[in-house]
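To keep things simple, chains are lettered A, B, C, D, E and F as they appear, and every chain counts its residues starting from 1.
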Amino acid sequence: MLSVAVRRIERAEPELIAGLKELGAATVHEAQGRTGLVAAELSPIVPGATMGGSAVTALCPSGDNWMLHVAIELMQPGDVLVVATTSPCDDGYFGGILAEYIKLRGGVGAVVDAGVRDVRELREQGFPVWSRRVSAQGTVKETVGAVNVPVICAGQRVVPGDIVLGDDDGVVVVPRLKAATVLTNARLRLEKENAIRAKLREGGHTLDLLNLRDKLAQKGLRYIDGPVSWDAKENL
Amino acid sequence: MLSVAVRRIERAEPELIAGLKELGAATVHEAQGRTGLVAAELSPIVPGATMGGSAVTALCPSGDNWMLHVAIELMQPGDVLVVATTSPCDDGYFGGILAEYIKLRGGVGAVVDAGVRDVRELREQGFPVWSRRVSAQGTVKETVGAVNVPVICAGQRVVPGDIVLGDDDGVVVVPRLKAATVLTNARLRLEKENAIRAKLREGGHTLDLLNLRDKLAQKGLRYIDGPVSWDAKENL
Amino acid sequence: MLSVAVRRIERAEPELIAGLKELGAATVHEAQGRTGLVAAELSPIVPGATMGGSAVTALCPSGDNWMLHVAIELMQPGDVLVVATTSPCDDGYFGGILAEYIKLRGGVGAVVDAGVRDVRELREQGFPVWSRRVSAQGTVKETVGAVNVPVICAGQRVVPGDIVLGDDDGVVVVPRLKAATVLTNARLRLEKENAIRAKLREGGHTLDLLNLRDKLAQKGLRYIDGPVSWDAKENL
Amino acid sequence: MLSVAVRRIERAEPELIAGLKELGAATVHEAQGRTGLVAAELSPIVPGATMGGSAVTALCPSGDNWMLHVAIELMQPGDVLVVATTSPCDDGYFGGILAEYIKLRGGVGAVVDAGVRDVRELREQGFPVWSRRVSAQGTVKETVGAVNVPVICAGQRVVPGDIVLGDDDGVVVVPRLKAATVLTNARLRLEKENAIRAKLREGGHTLDLLNLRDKLAQKGLRYIDGPVSWDAKENL
Amino acid sequence: MLSVAVRRIERAEPELIAGLKELGAATVHEAQGRTGLVAAELSPIVPGATMGGSAVTALCPSGDNWMLHVAIELMQPGDVLVVATTSPCDDGYFGGILAEYIKLRGGVGAVVDAGVRDVRELREQGFPVWSRRVSAQGTVKETVGAVNVPVICAGQRVVPGDIVLGDDDGVVVVPRLKAATVLTNARLRLEKENAIRAKLREGGHTLDLLNLRDKLAQKGLRYIDGPVSWDAKENL
Amino acid sequence: MLSVAVRRIERAEPELIAGLKELGAATVHEAQGRTGLVAAELSPIVPGATMGGSAVTALCPSGDNWMLHVAIELMQPGDVLVVATTSPCDDGYFGGILAEYIKLRGGVGAVVDAGVRDVRELREQGFPVWSRRVSAQGTVKETVGAVNVPVICAGQRVVPGDIVLGDDDGVVVVPRLKAATVLTNARLRLEKENAIRAKLREGGHTLDLLNLRDKLAQKGLRYIDGPVSWDAKENL
């Protein structure tokens, strides 16, 4: 592994980040072609919290959270800490003190592909954090990793400076240079969804609104009136 | 697979459904001889929400939620959408628009043996839904499955029109034709439990109330006074 | 298995228990040398609930909760029920009636290396319980196990009378005879953490406060200024 | 649960069973419309063993294998024992003695949605068995279940007398009354596959043989020559 | 954690170890009252290999195999290395060089509650090893743990000097001072099993041999002749 | 997602590939700084098979193996097929016909972050393949993905043309441009390991050979002679 800590990274424009954050993880994921989703094994530790910021990354060995300290020192206002490990580990890499340290640096959240602890404090602070597990298990500071290098976090590649969004649906990563395009697409998608909702409220059906009736027949779905007595005709 | 969508199904009487819903999943599961429980891998997405209704079923391929659209159009007031997949898949088959669509149809909840998304909206709506996972991952509409056929949802068979109950303890399925008997049994069970609670509050012990003292001795449990120094006598 | 139920056990002093409870699971786990943590697979069923007490243990076969009834009868004010199984099982060993029974005995919580049910009632009561799973699945009372013998609960050995602490971070076990020492250490640790927090608020960095800068260099971490174009130099 | 043991069941014709067994689980699964597959969590304990027979079912509580003894007594030559549990359990329900007992009854294999033991003996005997786990953990004989009732085994419904096929790819269930049709379909499928293989050996490509080239373009796949320098153009 | 390495431990008599090894894990587990089984998550890396010896234990942090080196130096002929971690970790703690080192010390096998690597070499050597995972992931040597202290290995407590047995069914631990009793019980059990097998071969049934017919009726199993048309009478 | 299929990719020199393959996954993983390891959830389907080649990648939706057909057509002699999915899926994406098709193209193996089937045929062919699961479940050909783009396969990034190595220890990816350096390092590592083995055979100890004795003391490991009676002094 390349044991470096990169001090400066390029970040996305705050307006783009704010716009994407407002649209939410699911819509943005769709809008960039169903890419960028961090694996659903990571879940929100503080329900209802939302977050959007630029990724500062830390790559750590099993059971060793040293690089988080190096990374947080390099964080700037608006940043999100993204923690990956070199092999799977559920130990408690992150907790109340580091959350406070991030906030003091101006950071806005954390994504930890490992465990976190001090959950009560994190909830009281409303600090947005996603992790694989809650675990009180402590970690050491013995082996260096890397900071601000590209990492794989829960199956998703994160390059330092990428936009990281999180809400109750999960975490999505948007490459910095794609942010403007994705934002445009996401707003279009939201409009379409709103139009569909409006039509549904007027009594419409999604099969019509999405133009799926003919395709249903072509693909072979056959409507039958029923009721069917499945007891007697299961092998219909 | 039989690619059919059955338009009409037979439903249970609303009074039976309401009565069972009030008693809750755990009591009803016991009352029908410890059968009907959907696997505990499905958990409530909206804590505290409860639900009871008639099953409208959708059977879907991996990563394809097309059949949900077909199924919801066929739902009637009081129905519950039950989603099964032909192989395990955690993608987000269900979210805010479909929840609203179900409510517009008069439906009362959903059980999804896969993933769901738009969790914040589902919670704001208080829409009762149980699923295997929260995932923002989108699905396609390319391959037909079946609607209103018997399905296996998280290890439990659900026939269209079966009564589906959900609360914080999980989801239980009651076959339509057994509902009256199960309701009677469940009410008896609740009475017994309440009687036990009353006796406990008077200082009773469950071993007496359940008549288990003699059986304990017969099966070989030996009381010893202690304290035992496990350090010295672990191999007692 | 030794099929005994031990009536009397030695308990720790209430002041020690109260002191440890106040410090919380993560701090106590650290203070006793990162030992005593029950596996993170057990999670709190009632978020925000905390607990500290003396362990009364029950060892049960798969799908059989009989020994819980034997154990609860032997509980005294301030005790915690600790349930282990002889092989992995997620059935619902514990629910509302047993929680009420424990409270009537003066007990303060439960740790169940299996499933629990009646979650709504447990939450309404604010009864502290940690378990592997929520499951409505019922259990039988056919096979004896043991009560108040040492057990392995989610990978952690618990001797009857050990102090068991639980909060949102998990469950920690403190051997009775170590409690005073651990309490002293834990308070020292908390002081150190508070000192670090104070320094951070003044603008300090953990790498300085923990004296890790030189060691970073010795272990080979190299700072570079950046920004790095990872597109061009990923093999830096 | 219905606590019955049904002595007589209807079985499929041996010629149909033999024909299906020869074609194997994957081909038969495809031939009946991608249905009937037992979940892949069950794996072969004796690599290379294959099996086809009529299902005799046993439904058992957690940690209790009593019903296997009831079921095996009712087995006839050519039968397969199918074991389901009322809740998930990995204990060792099945081992060398029961395998020998099945063989003495003329049975040809077992599918156990739980654990098995005596693996060395099972391998020496070449006894075909699929299970969720290898576990030496013993079970009790205290609670009745049911024999020769429909069960859900690893997510698949099995009705007594259904045809159960097993090989290194897994286990497939064919409803008795569908067996003739499925066999015909499966043979057709095998012929098609063999035709494709023959064409491939002559230098053909599956995209042509399956007529997928036009559809590729319609669905939007774009060929580009490359090589692409992903370092420079990842956001292509 | 107590960071000690204990040089001398008490070991069981080789005759007892040899006797237990011959009987195998499943029989010995039963013979000591269904206790002592290491969790089935550990599986044999070298199929068919068997092992029996005295436990030399190593307790290691996540991703750090330093203590294995300390432990192996202290091994004597006939010993088994037992590796536990302070929190779950699947990294490759053990491989070909350490296996050879153990053999040079006279050791007879290893049980690793973590990952192992160099599988091909281990198989060529026929070196008996059980582990949670195969993983090529390397470990560090930075943090001390403990050697020859009691550990929890895959849910089972192992005291240094305990007898550890392994075969295709898993790993069982026999406390040193119980070995003679367990061996006697295990031989009796084997005799009983052999007697049952002999009776089965003469046409007997286990329900008679285990004297379970009356109990079946008492517990409420009802035989019906059948065949039942489950299509029509599922709610029998 | 970028729906492209890239026809031409740059490949590593065959000599480098052959050299790395000979050294094996574990040694190469160490030699490139403990990077490049595909997650241990993928396991070899054909025990003993080994493989080394240039990656041709396919990125597929859940339950859809269309892109494998596009990818294999583009394979050249010496290539390895690497399959990733856009969300987790265990369906059987790959089997006997595709293995034969790969061999006809000159390909040398496959890494499938999903399921495979036709295991018996794969073993008879000795075709090297690693996968997450064996599953007979079929897939569709409805939704395009991408071919020869960078993918994340079981947590590891693979760029087309990277060297992919597989053996019983797992799968390791070596970036094309690093191959020469890694090969040199790996050979040095092997020499060192062989030197250590030679010294061990002469009676040496790894603590000396790795120069770890002083560090042990510094880090606080304390040797005690023993034997310790853990019954009496567990809290030593």
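Just so we're on the same page, a contact is a pair of C-beta atoms (placed from the backbone, for glycine too) under 8 Å apart; a residue touches a chain by one contact, two chains touch by 3 or more.
Just so you know, these numbers come straight off a predicted model, no measurement behind them.
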Could you check which of A-F, B-F or B-C has the same interface as C-D, with more than half of the contact pairs identical by residue number? B-F
Chain of greatest Cα-centre distance to subunit D: C
So which chain is the furthest away from subunit B, centre to centre on CA atoms? F
Chain-centre distance (mean CA atoms) for subunit D and subunit F, in whole Å, is 29
Using CA atom averages as chain centres, what separation in Å is found between subunit A and subunit D? 37
Hey, how far is the Cα centre of subunit A from the one of subunit E, in Å? 41
Touching two or more other chains - residues of subunit E: 2, 34, 37, 86-88, 90, 135, 137, 142-143, 234
Quick one: which bits of subunit F touch subunit A in the complex? Just the residue numbers, please. 1-2, 33-35, 37, 39, 86-88, 152, 155-157
Interface with subunit A, subunit B side, in the complex: residues 2-10, 66, 69-70, 72-73, 90, 92, 95, 97-98, 100-101, 104, 115, 117-120, 123, 133-138, 141-144, 148-150, 159-161
Going by the contact rule set out above, which residues of subunit E touch subunit D in the complex? 24-26, 29-30, 34, 37, 40, 43, 48, 167-170, 172, 193, 196-197, 200-201, 203, 205-207, 210, 212, 215-216, 219-228, 230, 234, 236
Residue numbers on subunit D that touch subunit C, as the complex places them: 61-64, 86-91, 135, 137, 139-140, 142-143, 231-232, 234
